[in-house]
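We just call them A, B, C and D in the order they show up, numbering each chain from 1.
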Amino acid sequence: MINVGVIGFGYWGPNLVRNFSASGRTNMVAVCDLDPKRLAVAARSYPAIRTTTDVKELLAAGDIDAVAISTPVQHHFELAMAALKAGKHVLVEKPMASTAEECRLLIEEAARRKLTLMVDHTFIYTPAVQKMRDLVQSGELGEVYYYDSVRVNLGLFQHDVNVLWDLAVHDLSIIEYVLGQVPVAVSATGISHVPGAPENIAYMTLFFDSSTIAHVNVNWLAPVKVRQTLVSGSKKMVVFNELEPSEKIKVYDKGIVLNDDQEQINKLIAGYRTGDMWAPQLAGTEALAAEVSHFADCIENGTTPLTDGVMGFNVVKVLEAASRSLAERGASMPVER
Amino acid sequence: MINVGVIGFGYWGPNLVRNFSASGRTNMVAVCDLDPKRLAVAARSYPAIRTTTDVKELLAAGDIDAVAISTPVQHHFELAMAALKAGKHVLVEKPMASTAEECRLLIEEAARRKLTLMVDHTFIYTPAVQKMRDLVQSGELGEVYYYDSVRVNLGLFQHDVNVLWDLAVHDLSIIEYVLGQVPVAVSATGISHVPGAPENIAYMTLFFDSSTIAHVNVNWLAPVKVRQTLVSGSKKMVVFNELEPSEKIKVYDKGIVLNDDQEQINKLIAGYRTGDMWAPQLAGTEALAAEVSHFADCIENGTTPLTDGVMGFNVVKVLEAASRSLAERGASMPVER
Amino acid sequence: MINVGVIGFGYWGPNLVRNFSASGRTNMVAVCDLDPKRLAVAARSYPAIRTTTDVKELLAAGDIDAVAISTPVQHHFELAMAALKAGKHVLVEKPMASTAEECRLLIEEAARRKLTLMVDHTFIYTPAVQKMRDLVQSGELGEVYYYDSVRVNLGLFQHDVNVLWDLAVHDLSIIEYVLGQVPVAVSATGISHVPGAPENIAYMTLFFDSSTIAHVNVNWLAPVKVRQTLVSGSKKMVVFNELEPSEKIKVYDKGIVLNDDQEQINKLIAGYRTGDMWAPQLAGTEALAAEVSHFADCIENGTTPLTDGVMGFNVVKVLEAASRSLAERGASMPVER
Amino acid sequence: MINVGVIGFGYWGPNLVRNFSASGRTNMVAVCDLDPKRLAVAARSYPAIRTTTDVKELLAAGDIDAVAISTPVQHHFELAMAALKAGKHVLVEKPMASTAEECRLLIEEAARRKLTLMVDHTFIYTPAVQKMRDLVQSGELGEVYYYDSVRVNLGLFQHDVNVLWDLAVHDLSIIEYVLGQVPVAVSATGISHVPGAPENIAYMTLFFDSSTIAHVNVNWLAPVKVRQTLVSGSKKMVVFNELEPSEKIKVYDKGIVLNDDQEQINKLIAGYRTGDMWAPQLAGTEALAAEVSHFADCIENGTTPLTDGVMGFNVVKVLEAASRSLAERGASMPVER
């Protein structure tokens, strides 16, 4: 049993606490939050867990093996570094830190101390993303032509980072995991509708060394929440709609038609769909439960997490390049190797 | 009754002929196509219409008042110019011509001869687009924050122009008509998956003098046809799904929330939708029928078409700038005034 | 080439005329309707076709081989009988006639004269219904447990027959064709909301000699048109949604679970779907085109139509029993053999 | 604070315990289940709650004010009666008991002892059902023409009661609450596909003293879970789709068309939808939380619950009549007053 402390009990923290509690592999010991009202909520639901507003107290606790950090991104580096220095294994919310340099320092510190450093890119642990990875890596999709994602939230804006750091961060980890490729350049455009505030709507194109292209459409201004991802290959195409209750993954059994028979082209233009469609049944497992269990495995066996510091680092490097491109209205920026 | 000749009887030409025949305002006189097999198809359905493979014959005919041109884009300029010079009113397929300069020359020629020059931006005549214009121009949507469109076709590619010229052309006319704004700069990215062929997938961001931003996502590589457009304002938002049989237009009765109440924000993050939704019943009229009737009006009264040469010209100017940006991986290009 | 006359040019007649014209197998010769305005519409679209308000003239014409009857049901018997007696092959709208006895007389007359008698149960010729038949008859679905259909029209009522005769008639032919079974008893319930008018909403349960059960839900009072049919078997289940543009047929790759593992049952109760789903691509052919061609085949080769007089007869026998049950608030009525 | 004991910790019990725990109005004291493994699950999640396999122990406990019974229906009567006799207020799962007579005895016992007796017809407490009731009771829908519900579960069967008792029970309470009418007669049909087992598929038509008709379609054999209810009136119609994440309630702004203009009728036949559609935003509250709070109110103030014993009694009377009709293949049975 690994004893866990959670720092931050805002929007996501309660999910971490619930899963660390329910997992047979970990033991929830303490929760830290600056807001006593949030701590009171935690105490009411989990009377056996210690609560504190003092992060030092939590990090000093001898009965805590691992720490999960679920705070605003600007505190990730400081808290994760302190936790590593206190000898704790770390699971940190995404994005891993505010800069690529901070990510690099965390990776080095964890390596030096032989501690597990994992980033909470939760989507990687969903049955749907795993199915997409299988389809791509097995070659079933053929050559991947493009990755296209729409990830928009209901109309609100009040954030300290731009919308790419809040939402596109999911796609960057999925792209690395599913495609097995990292982008070499990025073009991003967007706008802020509140003077002085970061961009609340953004579009990002990723270029690779291959002929794959990826595009991510994110904003906080939508009337309806959308979470839709498409991976299109020369043989098959797959659509992942996270909000569809019963058909999250649809596989279209046909790739691209290269054909100059005008009648067949006209039929395609007038049609609605190509090929048979197949929607595999997916396991109903909660991704975070699988992730918590994987975190425990990595700590116990010293193995590298699927969503390790390097993935977190890669994601932040792209976000940095995208923010530079955003400031230049789409001018392509290389992603640092 | 206006007597009409149609040049080109491929994919779209038959729709023109059908509507010119059925309209009480126009009279279908002759069809021209280089392919005798296509002419045979026309003759079988419309025994009373003359057919010819010789465009000169059609343009020389004294009993033809107006000509509709439905050929590949590279022939638009030459055919439209010849028709104007032969004294015919002209309805030309979109995009209006291969270059902005050609558009300018056609506008001048039509003006000099006092002939009607109209571009077949059919969408402008749909009840759905007209409803969107009403919602924006009446102020019901408030300040427009963004226009976002996905317009993708089933997986085929075999085209002589890039996908922006084939599909984004629709959005450019809709944006001008619905928003009443023309873009000042454009950033476009995309890729071709066939060596030597034009881009089959592209993404385009449009910048305006206001704080509106527009984005268009087009490709010929999709497993499912999509035609979805969103216009989002400070007060309301509207979604137009052309392929939805019964709810093409949905109006969301709520704009953007500027609020720092963390609980309300968490509720929005977890929610699926904001505000009431309202789907107005739309007339079932075929857009092309309305367009053909409007063409006849403009000829008879000498009035300016909704989709006149200037709109066609504006659209082509953006397409030219977008193609330049595409070649520079997204670097922003000004749109010529 | 078979020369065809069409009687009745109201809602459905124009579709018949269009398909008889376009088919390479038949030749549209004449149209008869009592309303000169409808005949004018026909003449405008098809200048080469003769029109008449006098059915006797049409039946007497020596250049007509076959007649299609598309009038209100109360005239079917009289017109079809007159056509047969005039030596014409007959395609009659569904339901075949107002009573089972009339159907029997028509079958006998056609047999005596060796003429083709076919009922226009169009659905039988759709790729979707043919796919359902294949799935059932090949045994892929296993033992058929139930057939369930919802077929409701937008809120209007103004009919001379009850809604079962107008809408359930489709299901009765589909059931016979797809399941290969005819019902032995029927229970029907319903109501009329207009004093003196026939039922505008009805529910019908069909019993068979097997353990299959069928149910049909029809009305003219719906806010949204629905056309959904489910055939559920011990191995697989199939859903046919006629109005879905791209996924008309969905096959669920799993049958019924007979299991007393309470945890698996709880999972099913909480779940949304069982097994993989597969949506085969269907041909885009218009059913009526296939039907017209099949009618020509049957006439030329003297073969029995898929939708012959016997199917029409069986359908009317069930409708008669159902109307009797309706009057008794659901009391089960045997279907005459 | 009302102290609560829960009997039965199977599929639904955990939801009761969670809501009694989270409510500020009630205090979870003890859980009883015959299965020690289920009790272990309860103890792990709620270390502060007492557990027992002995229902007598729970009923004898002096610190328990109210008991919630969540067991198979055959035990409802015995347990609820014992609880009332022990002086406890009672919340019992639906259906209230196995027979109408048992319901009557429970109502009398509760009345005699002035204890609150409430049936857990949870749907009554959902924002969607409350919205439907408002629409009907305010007259906004006009005269109600019909109620139509499809409520089918994934393909499993393993039950000790027939499917009407398991699923139609929901509709019977919704009908009474939303329409404010109770049925006077019922016709039901159905079948069992397992020899000796109760019906796993059933159809039920309800007749009222008005011209309203209601129909409920239930089974445990569906490939996809469906929860759809329609209430159609002379002025408007409302569709409730419980599984739709963002548009649970759709109101169609148009009633029935009584019109003999054939062209308008043809347009309706060819159309997909009538009138504007409006989807009100609904509160996201969990029904069971509202219900638990209402239970506490009723106990504290001695007021009558929305879902009191009389509603439970009425529901069971219809179920009894429906079961009799089922055995007679649809013959209409009166519902006992």
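Just so we're on the same page, contacts are C-beta pairs under 8 Å (C-beta built on N, C-alpha and C of every residue); 3 or more make two chains touch, one makes a residue touch a chain.
Treat the numbers as computed from the prediction; the structure is a model and nothing was measured.
Contacts with chain A and chain D are shared by B, C. Chain centres were defined as the mean of their Cα atoms; on that basis the chain farthest from chain C turns out to be A. Between chain A and chain C the CA-based rotation angle works out to 180°, given as a multiple of 5. Chain pairs B-C and B-D differ in how many C-beta pairs they share in contact, with the greater number at B-D.
In terms of their C-alpha centroids, the spacing between chain B and chain D amounts to 52 Å.
Chain C and chain D, compared by their mean Cα positions, are separated by 38 Å. Centre-to-centre separation between chain B and chain C, using Cα means, comes to 40 Å. With touch defined as above, residues shared between interfaces to two or more other chains in chain D number as follows: 224-225, 243, 245-246, 254, 271-275, 277. Considering their complex, residues 10-11, 145-146, 148, 150, 153-158, 185, 187, 189-191, 193-194, 201, 203, 205, 207, 211, 213, 215, 217, 219, 221-225, 230, 232, 237, 239, 243, 250, 252, 254-260, 262, 265-266, 268-269, 271-275, 277, 325, 328-332 of chain C touch chain D. Remark: chain A residues 47-48, 224-225, 243, 245-246 touch chain D in the complex. Considering their complex, residues 245-247, 253-254, 267, 270-281, 284 of chain D touch chain B.
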